[in-house]
Amino acid sequence: MRCLLSFILLITVHLGLFAQNVNKQNVPEKKSVNRVEITLPVVNGYTVLKCDFHTHTVFSDGLVWPTYRVREAWIQGMDVLAITDHIEYRPFKEYVGGDLNTSHELALPVAQQYGIMLVKGTEVTRKQGVIGHFNALFIKDANPIDQSDPEKALQTAYDQGAFIMYNHPGWALDTCLLTEFQQAMIDKGIVKGIEVFNNNEFYPRALSWSRDQKLTVFATSDVHGTINEDLGVPYSAATRPMTLVFVKEKTQEAVREALENGRTLAYFYDNVAGEEKWLKSLFLASVKLEKILKKEKTSFYRMTNLSGINYTFTIGTAQYMLDAGSSIQITVPANQREVSLEVLNMHYYEGRHPVVSMVLE
Amino acid sequence: MRCLLSFILLITVHLGLFAQNVNKQNVPEKKSVNRVEITLPVVNGYTVLKCDFHTHTVFSDGLVWPTYRVREAWIQGMDVLAITDHIEYRPFKEYVGGDLNTSHELALPVAQQYGIMLVKGTEVTRKQGVIGHFNALFIKDANPIDQSDPEKALQTAYDQGAFIMYNHPGWALDTCLLTEFQQAMIDKGIVKGIEVFNNNEFYPRALSWSRDQKLTVFATSDVHGTINEDLGVPYSAATRPMTLVFVKEKTQEAVREALENGRTLAYFYDNVAGEEKWLKSLFLASVKLEKILKKEKTSFYRMTNLSGINYTFTIGTAQYMLDAGSSIQITVPANQREVSLEVLNMHYYEGRHPVVSMVLE
Amino acid sequence: MRCLLSFILLITVHLGLFAQNVNKQNVPEKKSVNRVEITLPVVNGYTVLKCDFHTHTVFSDGLVWPTYRVREAWIQGMDVLAITDHIEYRPFKEYVGGDLNTSHELALPVAQQYGIMLVKGTEVTRKQGVIGHFNALFIKDANPIDQSDPEKALQTAYDQGAFIMYNHPGWALDTCLLTEFQQAMIDKGIVKGIEVFNNNEFYPRALSWSRDQKLTVFATSDVHGTINEDLGVPYSAATRPMTLVFVKEKTQEAVREALENGRTLAYFYDNVAGEEKWLKSLFLASVKLEKILKKEKTSFYRMTNLSGINYTFTIGTAQYMLDAGSSIQITVPANQREVSLEVLNMHYYEGRHPVVSMVLE
Amino acid sequence: MRCLLSFILLITVHLGLFAQNVNKQNVPEKKSVNRVEITLPVVNGYTVLKCDFHTHTVFSDGLVWPTYRVREAWIQGMDVLAITDHIEYRPFKEYVGGDLNTSHELALPVAQQYGIMLVKGTEVTRKQGVIGHFNALFIKDANPIDQSDPEKALQTAYDQGAFIMYNHPGWALDTCLLTEFQQAMIDKGIVKGIEVFNNNEFYPRALSWSRDQKLTVFATSDVHGTINEDLGVPYSAATRPMTLVFVKEKTQEAVREALENGRTLAYFYDNVAGEEKWLKSLFLASVKLEKILKKEKTSFYRMTNLSGINYTFTIGTAQYMLDAGSSIQITVPANQREVSLEVLNMHYYEGRHPVVSMVLE
């Protein structure tokens, strides 16, 4: 019996090019660009949003149009985006017009279509190491924040209801720094957040400050060009720095409330930094243990990482890497009731990692 | 204020090499090799197991030791494995001893430790295109199946309670083929399954037979060397062919029952083949729709693929690729109540793809 | 004897994050972003330049600043770039000023620093399917080309010494098309080139025209956003469409001369299209044969692809993929003196591939 | 004008699956598995061979058949391979027969077909930390080396003309170690080589010994399972440890001569270790400088890495990663005549990296 010559196997070509029986062949349109969905568990009843609260466009010193910023965030799995163009630094103003709200306004309709929550923000930008840079988030109007006195600028934003954070405390410096002005703004309750990661810099010292002074932690991209080329590699959960925000619901109010109450973690390059309690809760919600076999004096467990975050930890002297969406085999004495892990890629203070206990059933 | 010079960032190096402050530096031991967990949804209340029912070792004409086969399956996310060494073809027997059960027996303790369900099997191996090759799964003892009369061999396996499948119906032939002997074995109810994919060959014609003659479908690796090098690329959900088995619980009995009742799909290189009903159910359990915005006459939806399978489909004339763990944006007229997708990488018959309807809420 | 605890292994972390013993840790600056060097052989004494002659910025309907376009081209291994902003279509002009030369002028100093040859260009943009779009390359001043009569526009560019090409002959149409106007421009010698690939569309029919009417072939990105996101995947030799230009030296004059004399190939998504002679020459300069063993009636050869282009070909009925920088084993009868390959990913006319002969020594 | 519906674009699918118009679709056979060619320059007139002198098969405690080892080496770009099964440790001997030469003899015909130089070797295996493990390479017959007195075993190998090396000086120990026996063997000139890298362990201390005692350095895989799974990631230049041997021609005699004269480097996970002179020569043969622009007080250079090795270095305080086949931009004062680089991923002694000077033209 001969079979028919009738079937053409359709292959999912990742390059996106398809064989078509016509005199032009085309790739399916933009519609088929994919958004990466970074898997994060519900943690203590909270949904975890992926947020970038610090980005730029050609309306300050960025290199892309505001709508590009939205689409890039969508592709890279962000839930929340703020465009925070500098008020004071606009090198392209010879060619690019508009006012201090324009970049947000141009981005907004695209954000709505893509389901990206666009938080209105701006960056108050003064001499680093003296006054410094601050992001004001949830502002109403950026134009009146343009003031010569930095305290007045921040106060104006605050009076609009802004949540204000201190940016890149070590950027362009030999060290990380809290100046007199910055400390005063924190003490007055004007500044309530701090970047512990910006672009490609981690500030362990700022992490210690966040604990000592009860500041909300942030990791931001501060992207000016594009994530892929600013950060040197294609986007992924591991390469776009982001702030994880633990919310009750996916609204601007709920995000604002979470920032106010310090329910964030900074996530950057496979590292997570922030409050010890939230680090442990995130880890425990991500990783599951399953008993495989008890054989004489040894029990074999499968430990599975259901989240999109890679974890590295030690159990005693043995070091493990448990990648996102994978599992490892661990062996323990048969009578052991608990296993204790020091999670090396989680940080709650300079040089300190959370130690997590998991029950062996 | 100077900061302490005290912190060393621990980086998860994917190559697995760590900086250590000693006169030797070593990678964490075997323990930290990761198993890839291929995400599959529960489908109609059934758990979906990933199974390879056709593999070889040095005890027939394979190139690896039986324990390697188990560990490879574990790394690659398999739940169920059968080692099916040829009864009749053992080219290394000058050097390799044991009997027809040895490869299974050597593999079993390792399988138990790793939580791999090891189904006992063997391959009855006769001239391709005349009698052909058959896998007998869930056998008790391979030695008595070594008989000169092929029907007696299959009958012996059957009498042990084996589930018997017809292997690679197009292998080493110009076409795919059901010989008189094979048809007779099917008609007698001895042979109840068929490979629609083997190693790197897809048999659309065999898929049609599976529908017409109610045969259980299989995709198998038939690996002799290693998956990575036999199949040309590193393992992944896309590269190791596997049979998806829809079970009530994770036991040998439940797997046996599912095979008996045809609850399988063949999954290979981003394609899924089998019964239309199960294809549709798998797709619908994998993909979710979320309304983002209604704006004038258009509604915007986010379509998210929660599974580890990449899907390709058309909606009208537009073609989409919805990769594992990603989402796409689709737009529909605001008053539309339903969207209809032809899933191009799913196959239920030569040249036919399932058409799935999703409700727009 | 105890060893010293003194050594810290330095690991090249591709994510670019380094352990540093300070209170901030940073990635090495922009300097360490790498340019991919796509390996191409010298062909018949000509150097092969990688060129993208069709790109946009925010000064027309692109989404990036001109300097970004240069840096992107540098990272992606281009040698030659033209920014070809539309004369007639400038949707951001409410916000973006400058004249028709501004995007080129802003990009030029950065191009000089990075060693990117920046060809001055513009796109004459009229109704597709009637007049169509044309790139004028090597222009002197874009402003006077802004004319209502399309023929006058092209003539003005031509009089400035421009090389003019017809863009995306099938874009936004059901088919690919040469209108009366376009044919007239070709017949008059005003238009001398044609895109056989644009962005994600291949026009086999245009390839036939290029042979029949002696037009210089081009593949261009026509990028508006970024290559990574417009084209759906990270940049690589396989994903950025480019025109390969065979030059005597790396100067603007030499590129102009090569275009004039048709010494180009279109390279896109692992496919190469253009004149048969240049396809064969490129292949033969890329691939080497080495005799490994003669054993009885069979000779074993190693075939090595020294270039950065992946090749797919058949020898008789066997199909081979010979990836960039890799080799394969082929076997031939010991007395055979020559091997003949049909190179399937090379195209010189609709449906026709070059057949290359290699001598067996 | 309508165009013909005649062309089907052939796409190079990296998964290796092709659309074929038949009732079975198959991947092109084994022939199209590719060998990775790791690009290494000629260094000081010597060809650089990629060699693995330490591997196992099922004939000792490995998990693969000898022919698999050859094919794996071929795929992974090796030029030279030694199978060095343990003489004294053969856990599978209940099932696997043959004598101490069998694994080499089974592998030899396949090695000849693939152009892999198969060096005959064996591993003399005694208690680690007391006597230790030694590879004897270029032996004539492994059987008489099976002797109870370890010195007699090594002397027998030596008398056959073997080159003998001391394996993994830190394996299964807290530190790395040279015992009295080992030192004696070195002093007598019986042992002339040492592993500074084995599998996943680097021994900086052993590197210091190699310099102090003029021992030839080796990096070996010591693979028992497969490279992909033993070493945790797919093969590549970065993941298979190998010994680079600088030879006058590609013959066994020339390899033997190079080992005798210490012309080797150990290459492992993007690191290179060995004699300072050869490290510098390799770097300088790999990396080229091209002047791009002199602009006021600054000169811009493109630095290109033509080799398959990734380099990391500092120039002053700036750190650069120059990946294989890529280039970076560096800027220097216009009057500078030379640039000095400390190559961090090259090692010639515990904690010491070569400093290379490049002339700026």
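In this document, chain identifiers A, B, C and D correspond to the written order of the chains, with residue numbering beginning at 1 in each.
Keep in mind that, in the parts below, a contact is a pair of C-beta atoms (placed from the backbone, for glycine too) under 8 Å apart; a residue touches a chain by one contact, two chains touch by 3 or more.
In this text the structure is predicted, and so the values were computed from the model without any measurement.
Asks: What shortest step count links chain B and chain D in the network of chain contacts?
Replies: 1
Asks: Where the centre means the average of the CA atoms, what chain is farthest from chain D?
Replies: A
Asks: Chain A to chain B: how many Å between their CA centres?
Replies: About 35 Å, centre to centre.
Asks: Using Cα averages as centroids, what's the distance between chain A and chain D in whole Å?
Replies: Chain centroid spacing, chain A to chain D, equals 40 Å.
Asks: Which positions in chain A are in touch with at least two other chains?
Replies: In chain A, residues 3-4, 6-11, 14-18, 22-25, 32-34, 175-176, 202, 204-205, 269-270, 350 touch at least two other chains, as defined above.
Asks: Within the complex, which stretch of chain C touches chain A?
Replies: 14-17, 22-27, 32-34, 58, 62-65, 67-68, 71-72, 75, 92, 94-98, 102, 170, 173, 175-176, 199-205, 225-226, 228-229, 231-234, 238-239, 269-270, 350
Asks: Could you please specify the touching residues of chain A with respect to chain B in the complex?
Replies: Where chain A meets chain B, its residues are 1-4, 6-12, 14, 16, 18, 28-29, 31-37, 39, 74, 112-115, 175-178, 202, 204-205, 269-271, 290, 292-293, 295, 300, 302, 304, 308, 310-312, 318-323, 325-330, 344-345, 350-351.
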